[in-house]
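Each of the next two complexes has chain A plus one more chain, namely chain B in the first and chain C in the second.
Now for the complex of A and B:
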């Protein structure tokens, strides 16, 4: 019986010109967004790959140089573009694309792509994710708002009930019908998306992309299911089709447009992040409390005492190591502590802010879906910091290599010392591997849970409302 | 007649609780939006204040340090000695170029959360200080703010549509339309009579609340043309609202049922506020793709390396061009500071074409947006609101140009002194160039806004005129 109802719904929708029109618009927007995303991804990732090679070549061809000059020269780390980001740009437009890895300092990422766009960007980008998170739910609402109320208003609900159809059969039949009709548009779009992602992936990336795609598809299905359930429940419970539509449109607005902004504002108010100025000042203050390597100050005496003890000598000239190298590494160590603390505090603030978003997401599943989608696309903030941390590790490795060279190979007399190509080659190229889907699933567990709970809850709600539906 | 109809309509509205609820909702959203905007303005003001305070304390420190170095009380390395212009201009003496939030800044956050509003200007190259981005959770930048401009662009039309989607159809469905029209009144007059009280209610809220917010926020309405800006703000809001009212009337005039009207209007809202802007956004990006800034980073690096390699040669060439800056005493190898001047100027010159390429692409995007924004009144209103609140990209580039000029001025002060190896004293600290932000010319903004206003008014007429014609053919009885 359920299947028969589903088939009736499906046929009816296919014959409805409004659905065909709306579905076609959604499909065209989705396919267009995916194809444009694919083109853009190709260009940008090629630029980043070229730049990463160029920065390596520059590092290797420095010629003869003091290791500390090389450390100041440094290298750049360019954020790689994950293939799935063509579906969901996430926070990528609003985080910098590159970071300079130099001596003494953990830098901020520079150049947010959104700064090179017009203000229209702020209405929202047309990406696969926008269509899936905003427009498809609207389509679901339009398809289901009169599922029960419409039957009642036509007088057919009475007939159905008199045939012995159970309300939950009716509800699941309607849900299946909608799912089939949506699938007619969304499955081809998903195929286009998968092909685009495969085309955008290099050999190694394809295997990493598949589980991410699977997770993403699954969570979108749950999200659409949640919307269908809510729609059916409201349709069964609302006094008329008109009020069902009004309630559902209100929910859609709140979910997609109002909640994200309110969540941001609440998060900012409850867990304020520092201004860039204060952040920089605090860090500077903490840094000056140690030595900066060039100007030893008080720390130098302590350091010398330690060295005298370690090498069992009583004057600087007798030390078997280069003092400058030791001092520089000492200041790096101090700096690293400061950076660890400062950035950990900042990122922790952001994490807490995102937790407030999750709290709001309990009332608006769109927020949770946005987070999950960005996560599997590889464009959420957690994966940005994952890259930032890897880049910072690499910077510290370069500093250690350069300072060790000074300490153990430079003349202990403090005479000028030049290193060559051999040293530059000792620094391995920066090789970053993005975390796998399992890592993301773990990071996104709360949001995934919220989407899941919404799915299950809305299904229960729909069944419950259907059982209570007013027939007359 | 019109007047008495309006009176009855008003009574009708007051008896119904829905308009009151809608009005309260809109009022609350407007107030919350205004509050949010003022929070952001306060945040910027505090950051600017701390920066200026830091600058003052730093300069006071330098002022106290110089005599001590002169008397030999403390020793300073050539990198940190503030008497050396190359050291002072790079760090201890640096000053901030600041763009304060504009008078109506609290009304729209716009692009102001994306672009820096202060720079620490030094003798170094522009690339070293232009990236003073504000720290922000990127998720928040993505979502945007719940500011007044959001309420007016997104929610205000919905409120208008919610209270007028069944303007005529409800009368027909209730059977009162034929009755009312049996009186000596035309349908257009009846529509007017129903429209005006609604418009009065909604428009008053949308106009008065921001006004109250601005006045209570302590904005000086006579300064910086704030009064004129506020008038423009009201005009744009009113024209934008008028567009949505006209749209509601036009859809009603087609004579369909209330349910169909609601669906059609919701679809149009989605079209104008969500779909057209995002399609336009991808279209401009496809037409003028901006390459990733990694290109700029690489270009800067390559130019910097090249300049460093031929540092002393560059200096010689530089001095040939500027013989008046040659050091007073001949001989001796040029020091680090002198070479750095030549290197950073050469780097900047070499990178300029790359920067221009980026700017040209973004300018191309903006040109398309400017041309096609009339497709959606929401885009026209958004750019007008950003302009009025001083949160537009135009104001940012206006600031950037001034910061650029100040940077040149800063260098013009320091570079000759670096080259001539002058030692500065405390008296010189008072001579350092200072930055003063000049607000955008009101006439420039006004001319942009007049076009925006027309861009809203013409669509109102384009919708209202056929609506009027269709009302004449309205099927008053039957279906």
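Now for the complex of A and C:
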């Protein structure tokens, strides 16, 4: 019965020129966005790969150099672009994808396209995610707002209800019909997307992408289902098609346009994050209060005294280790504490802001979907920090290697020590693997839950409204 | 087959139907006459459970329509003044859809024969309903009733706006359905048809069923005279 209803709804929609037109527009935009994303991803990945090789080559070919100079010279780390990021850029344009790893400093990320973008661009970037999160729900609203109210106004609802059709079957049939009609456009678009993702991936990446794609597809299906359910419920319950359309367009705007603004404003007000400038200043202040490896001041004297005591000597020449190396690592250790605290506090603020977003998302599933989508696209904040931490670990490893070289291999006094290419080779290339889909699902559990609850809730709501539908 | 017991309906204090007691047996065609707003459509909508009664109950084949909304509807077919169909589907597709929702399983040729039986030209059956005249849509409505093998028919002015020939064909079909054992309740303004096809007529006024007659007792002229007498305040 449900299938029969679905088949008829599907046939009717296919014969409706308006649906064909609207569906084609969404398909073209989605396919276009995915292909653009693919091209962009290809270019950016190639640039990253080149830059990553270049930074490694530069590091290896430094020649004769003091290890601490090399530490200052530093390397760049590039966040690998998960192939799915071509669907959803997420926070990448705001957080940046590259970081310079140098001595004394945990740097902020660079190359943030959002910095160079105008306010208008922020609104209008065409990505697969924009189409899926904004336009497809709009199409669903347009397809379903009159599912019940239109039949009532036309008089076919009387005819249907006089047959003894169960209203909840009618609702589920209509939902399935819309799903099939949407699938007609979205499945080919998804295939194009999958092919683009596969083409953008290296051998290993494809396998890593598959579970992410599965999760992402499932979440979008739930999200579209939630919209369909709400739409059907409103259509059954609203006094007329006109008012159903008004209510649903209102919901769509609230969900996709207003709620994100409200959420970020609330987050900023309740859990204010420092400006980049303030954050930098605070950190600088904390750093100056501790050990400075370049400063032969009080801390240097303390370290010297400690070493003299430890090795039971009384002059620098007699020390088995190089004091400068010790001092530099000491200042590095102090800096690391400061960075750990500062970044932990900053990221904690962002996490709390995220909680506020999730709170608003209970009323607007689009926010939860946005979070889930960028999660599986590998472009959410959690994966940004995951990478940032790995990059920082790598930076600290370089610093330790350089400072240890100074401490244990440099002569205790005399002319500056020069290391050669052998030392640079000791530093292994930066190898970062993005977390797997299961990790993301865990991180995104609250948002995934919200999308799931909306799906189930809207299905119940639709069935409930359908049972109470006015026939006349 | 169709039984109303003390069935009444009021809207916000205004009475649309005063307690009505009515029994229509299988094979009977009961024609409800009366001015617009007399309560004819209200009675039919109550049997369809489209509206809830204020008091009393309506049963079809012994099933209370409010208690058993789905089961009671399996027994009936409904033809309103305007049979509304899905305009992007053909007549045949509409019939297929409605009959399969009613639980029927028919082959395409069976469906086609129902449409032919209802008087729809087979060339028209595969045209989209958007181009149908009212008469053609009513015929699809009848085909739905035929296919459903309904034991009770609820008809709300089904012939208003039909040309005399179409109206005549419609009456012939009703007779055929009634001969095969259906109980028929039809609201109509057509006194001539009521007398021709009906077995009984009932006259409604301001929500009251004021009189019922067996049509065999009446001539055409009698029915019109009696009707006008009742309408006269």
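Rule of thumb we're sticking to: the second predicted complex is superposed on the first by the 449 of 472 C-alpha atoms of A that agree within 3 Å, B and C clash if a C-alpha of one lies under 4 Å from a C-alpha of the other, contacts with A are read in each partner's own complex, and residues count from 1 in each chain.
Convention: a contact is a pair of C-beta atoms (placed from the backbone, for glycine too) under 8 Å apart; a residue touches a chain by one contact, two chains touch by 3 or more.
Here the structure is a predicted model, which means the values were calculated and not measured.
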Now for A:337: first (chain B), second (chain C), both, or neither, which partner does it touch?
neither
I'd like to know which partner A:393 touches here: chain B for first, chain C for second, both or neither.
neither
Applying the touch criterion given at the start, work out whether A:381 contacts chain B, chain C, both or neither, answering first, second, both or neither.
first
Looking only at contacts as defined up top, I'd like to know whether chain B or chain C touches more of chain A.
B
Which chain A residues come up in both lists, the one for chain B and the one for chain C?
none
Listed in rising order, the residues of chain C that touch chain A in the complex are 45, 48, 50-51, 69-74, 76-78, 80, 82-86, 88-89, 93, 97-98, 100-103, 128, 141, 144, 148, 154
Quick one: which bits of chain A touch chain B in the complex? Just the residue numbers, please.
29, 32-33, 36, 39-40, 43-44, 47-48, 51, 54-55, 58, 76, 78, 90-91, 93-98, 108, 110-126, 130, 134, 138, 142, 241-242, 245-246, 249, 253, 257-258, 260-265, 267-269, 273-279, 281, 294-295, 346, 349-350, 353-354, 357, 381, 384
Which stretch or stretches of chain B touch chain A in the complex?
36, 39, 43, 46-47, 50-51, 54, 77, 79-80, 110-111, 114-115, 118, 131-146, 150, 154-155, 158, 258-259, 262-263, 266, 270, 273-275, 277-282, 284-286, 289-298, 301-302, 305, 358, 361-362, 365-366, 369, 373, 378-379, 382-383, 386, 392-393
Mind listing the chain A positions that touch chain C in their complex?
1, 4-5, 8, 11-12, 15-16, 154-156, 158-166, 471-472
